[in-house]
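Beneath this line is the structure, given in structure tokens, with notes to follow.
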Amino acid sequence: QAPEKLKVGVIATLSGPPAVLGQQIRNGFQLAVKELGGKLGGREVEVLVQDDELKPDVAVGKVKALVERDKVDFVVGPVFSNILQAIVKPATEGGTILISPNAGTSNYAGRDCNPNLFVTSYQNDQMHEVSGKYAQDKGMKTAFIMAPNYQAGKDSLAGFKRWFKGDVVDEVYVPLNQLDYSAELSKIAAAKPSVVFVFLPGGMGVNFVKQYRQAGLAETIPVLSTFTVDESTLPAQQDAALGFFAGSNWAPNLDNPKNKAFVAAYEAAFGAVPATYAFQAYDTAMLIDSALKATKGDTKDKDALRAALKKADFVSLRGDFKFNTNNYPIQDFYLTKVAKRPDGKYQTEIVSKVFDDYADAYVGSCKMK
Amino acid sequence: MAEPILALKGLRKQFGGLVVTDSVDLSVAPGELHAVIGPNGAGKTTLINQISGVLPADSGTILFAGHDVTRLAPHERARRGLARTFQITSVLPTFSALENVAIAVQARAGSSFRLFGDAAAEPALNTPAMAALAEVGLAERADVPAGHLSHGEKRALELAMAIVTEPKLLLLDEPMAGTGREETARLITVLRRLKGRFAMMLVEHDMTAVFALADHISVLIYGRILLGGRPDEVREDPQVVAAYLGDEIEFER
Amino acid sequence: MLTVENLEAGYGETPVLFDVGFRVAAGEVVTLLGRNGMGKTTTIRALMGLVRPTGGSVALDGVPVTGLPPYRIAQLGLGLVPEGRQVFPTLTVRENLVATAAARFGDRWTLDRVYDFFPRLAERRGHLGSQLSGGEQQMLAIGRALMTNPRLLILDEATEGLAPLIRAEIWRGLSRLKRDGQAILLVDKHLDAMTRLADRHVVLEKGHVVWTGTSAALAADQTVRQRWLQV
Amino acid sequence: MSTTLLVVQVLNGLQLGVLLFLIAAGLTLVFGVMDFINLAHGVQYMLGAYLAVMFYGLTGSFVAALVLALAAALAFGLLLEAVVFRHLYGRDHLDHVIATFGIILFLNSAVKYVWGAAPLSLPVPEALTGSVALAPGLLYPVWRLVIIGSGLVVAVLLWALVSFTRIGMLVRAGATNPEMVSALGVDIRRLFTLVFGFGAMLAGFAGIMIAPILSVEPGMGDTILILAFVVIVIGGIGSIRGAFVAALLIGLVDTLGRSFAVDILRLFLSSSTARTVGPALASMLIYLLMAVVLYVRPTGLFPAKGR
Amino acid sequence: MTLAAVPDETAPATRRPRRNVVLPLVLFALLAVLPLAAASMSAGYLLDLFVRVMIFAIAALSVELLIGHAALVTFGQAAFVGIGAYAVGILDAHETNDLVVALPAALLASGLFAFATGLVCLRTKGVYFIMITLAFGQMAFFTASSLAPYGGDDGLTIHDRTTLFGFAVLDRPLAFYYVVLAVLIAVHLFCRALVASRFGRVLRGAKDNALRMTTLGFRVYRFQLAAYVIAGMIGGLAGFLLANATEFVSPAYMSWQRSGELIIMVLLGGLGTLHGAIVGAAAYLLLEEWLAGLTEHWKMIFGPLLVLVVVFVRGGLVGIGTALSAAVSRRLRRG
């Protein structure tokens, strides 16, 4: 008698402008499952994909459906922090394991850390800290920093400033989904900083990068960034983004055989270069696989399952990877730079390693051991 | 003579460079039917709009029942007993004829902030409304949505809505325009019956009606009162004939 | 020129016209008489195509036009002065006149001639339709229909709200038009003026034609006058 | 805050304003003048951008892409009119809302289905890349100047069309009383069809012109739609002049607000409070502006008369 | 303004709003027995889904009250829902979550906001009203987004559902379900009475012809303001329930898209009938749920569906029912 199918619910944003990110998560996860022969930890797996529409209450409904109707063993998702905040309680309350392949907010790393929540990406601040540390290390004197006016934006600039001790000439918060950056570009041109740091995810990044280039600033003032130039936006930014820097925990050209194979397989399957979202989802599948192997496919014994997950006994595409006590990763971080590949596609490439085995700053306030 | 129910002093209204009413002085005695006649565009409707508060007056004062109402909002004037009809038919098109009149009764009754109770079933509203409809000859059409009435029927409905509020002064802007011969005759009878109950100011181009009803006629030309007087005086006045009545007055009936 | 036969029409589920038939010959002036709500306006709307007839036919010079869209019927030479004026409120007086002007059947009516006919409109040419007094709007509606140079001019209560002087002017104007050979279909309440002007009359009662005849016959026939017109 | 920076930001504000007008132009025509609430304006704008990207990919020429995309946008507008809008003339505004909302859902999703969810881009035409120095140290991208130019041309064109041509008169007349226009011998439906097509083309044109500076992505028209509505409402519905002035006003207020809100607030508040309040205020500024304008003038700056 | 001879059937021919009793009764009966039927299936999920449907139905009712009976097309109703929700969330963050505090707080906050903004908004009409309510909705949205102490844009998790005198009555899904149903029925009855009352008649009159109402002596502004505040409080009530249902509050509850959805629900169901709002909310959310389960591109189906409903059915989904029953009775009459 065959064991019951394992059920994994994937919840990601699949509509609206950020749909591309959700798709990367879904694709990355499914690619891994396919490579594992449709099985995780030896069990046949059924993947149920849900669109959270970037609406927290919709996400709550969808997660409840996954947990209560579909009785999934794992929920994987979401893309965005505000959705994570909404779904942690309904997803984990009944003992189901929630694994976030992207969003990693500070509260769940610290005060609200949760034994049923695992994060396979990073603590958000860390990505921004990379740029701050790099700017500091390079002895840059003045910085102009900019982010959208919402929580994640404020966290990002705080993250940058945590390491950058030079002079911040201006700290600008723009309205979410701003289209035109002429005003800010004029400010930058007037301030003449040594470096610009921005966190402008999605379409905002595309608009900013194009306009920055068109204003002729790209030749004179370097840009450090997070989630502003990555493989999800590069097809739209193209040459305009060449030479822009970004902080990351991974890049497509990260030199290890598993990663090379992953990038090639992803491109073959989906016709696009994967971004961090895809690889983190891939790793998430591998994590589940490793844990189920350890428990021999059992998901009933939650303590055993959690322990097995925490071991993170798999080879991550990013190389070094282990969980901290708060279920957030300890990993390396790099500065990457946008480049054009010989085949005409664009990707970020590693410039230097900025942090080694880096843990987040909030773990201290997490009571879990 | 008793204090006038309405007294206008130096009323003026200007649209851009166009002076439409110009220092109009006029008074209406209680119970009087006061007709205002004058050529098209003379400012009659504008005058009614100013009195009812739909348009603010540029200068001048409006005394109504002894109080200065020049700066009051339209609904406040209505509450004090100033009712009007519109030259361009203005009813509530999706309401039935009965409901149109019933809401006018409700306006008089006040207490419209009642959140409960089925208004459509209140005899206190419906009985007087029905009576008014009968008076203007629309009893049979009580349940028809006002929007579906013919033009002439709407005119009659307007009048029913106005009289049911039992105002102190009723401003009538061409009530006979668009009504047929028979209906005109009936409206004249209705108005004659109402005469004395309250004062009325009648703007009308139907001279049969004006001369049959008016106690006093004021002639408004280019925004100014040319003259005022008893109907027979006005009818004979050569200036009025030249500017308004014309030589071949249609006294057909 | 215009032939209406067995016309039936209504609004939604309510029939209003049951059996309406009459003719207007070239150069003739015909009136529709009847009390309020008897279906005069509905007849006009039906023959203009503004209400879809449910039965019967309308023909212009023998060509059936029943069921054609209103603009096609208008292009065939019907010019309408609608009940209740319906001037375009957001257009100036001049724009109201020229927007739909046409010279399909001659160009007797030009802007200048309309201004001559209604000097008041010339004075107000820059005003918006909504800023006119009721009577001025009525003049504008008449002028607008004339500017389409129609073969048959249809006037639905065109003297409503006009001062006696202007009204008399209109009647005089209409007889001038008649003399020039203009065919006219007329709805109004001024019976004497109409009897003087018109050749023939059609009396409607609850959607049926109950009487037709010449002005002389109407003047003579006391029963019609009393029974249907309450005179 | 130096004077030069102030001048530059004023310029930036004006250019944002012209850009907003370009986006709102088609909406002013169809909604303001024809009185049809076309929520699909935003997706038509998006479609213009996508079509341009597609045709650019096929032909490699911006001009060819522009022409083809305009033609396609027109064709699509006419199709939409024939299939959907035609049935809704003379209906309540709310019927327009729900039907065109349906079109938004459909097109946003269809575009994703056809072109994928990832943002795309359209390069600036080769000859118009680079910047010019308006003043020493003040570089302005040439393409921005082209956008400003086309915005101004559209403004003048539209204004002339609506105010002075017979078509303009008939459209305005038809907006308030189509039945009467028709009864006077004008095929108002055909005219409406044409106007719709033209409106769709204007929306597409805005999309094409702006694509080189913005990201072309599903849903890109949604925020724009609201902005465009804000523009024509502040200006006074039906007034092209009003829309133009309002667009400039919004551009200025938004840009100056974003640039100087924090600095100005710092005059009254502590620096850190200014930092938190300033940006929040800046995001609300255009809505605040709209509320204030409508409070003072409930029918916009240049109310259409006679409605 | 109608082209050619389309009879104006939108103008109801009845003297008062059609007092359809059957349909609402059937709706409520179905909702009442649903948990019994659901017991065999995945009960928790279905209950959650229908709790959501009912909460949105309450919010939609508030919109219907304004649009359908007062011609006030509000594009900012989500703000009131959000304010109601935030009242619960903020109190919870301060460890106050008893009904006696939370519910009045939610109602008061939304009512006050409605009063303050209504004073301004009601100066305008038509599309201007639509846009100015949108403006205030957006301001509420941005304010909530910058409430850093309460999670800002990320939102705020509610630790405990509202209690009644300390008893956690809402914690049991079934109890919560029936509480929401009871509130829905109560709101529906309230709106029904309101619409039929003298007050409601003044609102409808103002919708038909505001100038006429003014010259009859009604101060239309006041009536509309009262209606706006009532609707705002009903919105706040829905927000109170929504916060408890999702155990989370977020500025996203106040987004303009959400306000737009509420309008669409009302129109989809059929304007002018109160139960239409309930039908519309249910149809919108259930269709969304069902179609989204079928394909990722479900909006490509959903969009055209909306268009079809508008183009071919007058009066929304309820209109289909009315048209069908009219056709049947005509058949019957003919024999």
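Should a chain be cited, it is by its letter among A, B, C, D and E, assigned in written order, with residues numbered from 1 in that chain.
Quick note on the criterion: contacts are C-beta pairs under 8 Å (C-beta built on N, C-alpha and C of every residue); 3 or more make two chains touch, one makes a residue touch a chain.
What you are looking at is a predicted structure, and each value in this text was computed from that prediction instead of being measured.
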**Study point:** Length of the shortest touching-chain route, chain B through to chain E
**Key:** 1
Point to revise | From chain E, the most remote chain by mean C-alpha position | key: C
Review point. Using mean CA coordinates as chain centres, what's the chain A-chain E distance in Å?
Key: 37
Exercise for review: Provide the C-alpha centroid distance between chain A and chain B, rounded to the nearest whole angstrom.
Suggested key: 74
Revision key, fill the gap. Rounded to the nearest Å, the gap separating the Cα centres of chain C and chain D is 44
Revision key, fill the gap. Where chain D touches two or more other chains at once, the residues are 108-109, 112, 176-177, 179, 182, 188, 279-280, 283
Exercise for review: Find every residue in chain B that makes contact with two or more other chains and list them.
Suggested key: 148
Check your understanding: Of all residues in chain A, which are in touch with two or more distinct other chains?
Key -> 14-15, 149, 176
Exercise for review: Sort out for me which residues of chain B touch chain C in the complex.
Suggested key: 15, 38-42, 44-45, 87-89, 148-153, 156, 174, 177-185, 205, 207, 243-250, 252-253
Check your understanding: Can you name the residues of chain B that touch chain E in the complex?
Key -> 52, 54, 73-76, 78-79, 83-84, 86, 90-96, 98-99, 103-104, 106-108, 111-120, 122, 143-145, 147-148, 161, 165
Review point. Can you list the residues on chain A that touch chain D in the complex?
Key: 14-17, 19-20, 23, 149, 171-177, 179-180, 182-184, 186-187, 189-190, 202-203, 205-207, 210-211, 214-216, 232-233, 235-238, 272
Study note, to complete from the structure: So, in the complex, the side of chain D touching chain C is made of residues 166, 169-170, 172-173, 175-177, 179-188, 238, 304-307
**Study point:** Contact footprint of chain D on chain C as seen in their complex
**Key:** 48-50, 69-71, 74-75, 79-80, 82, 86, 88-91, 95-96, 98-100, 102, 104, 128-131, 144-145, 148
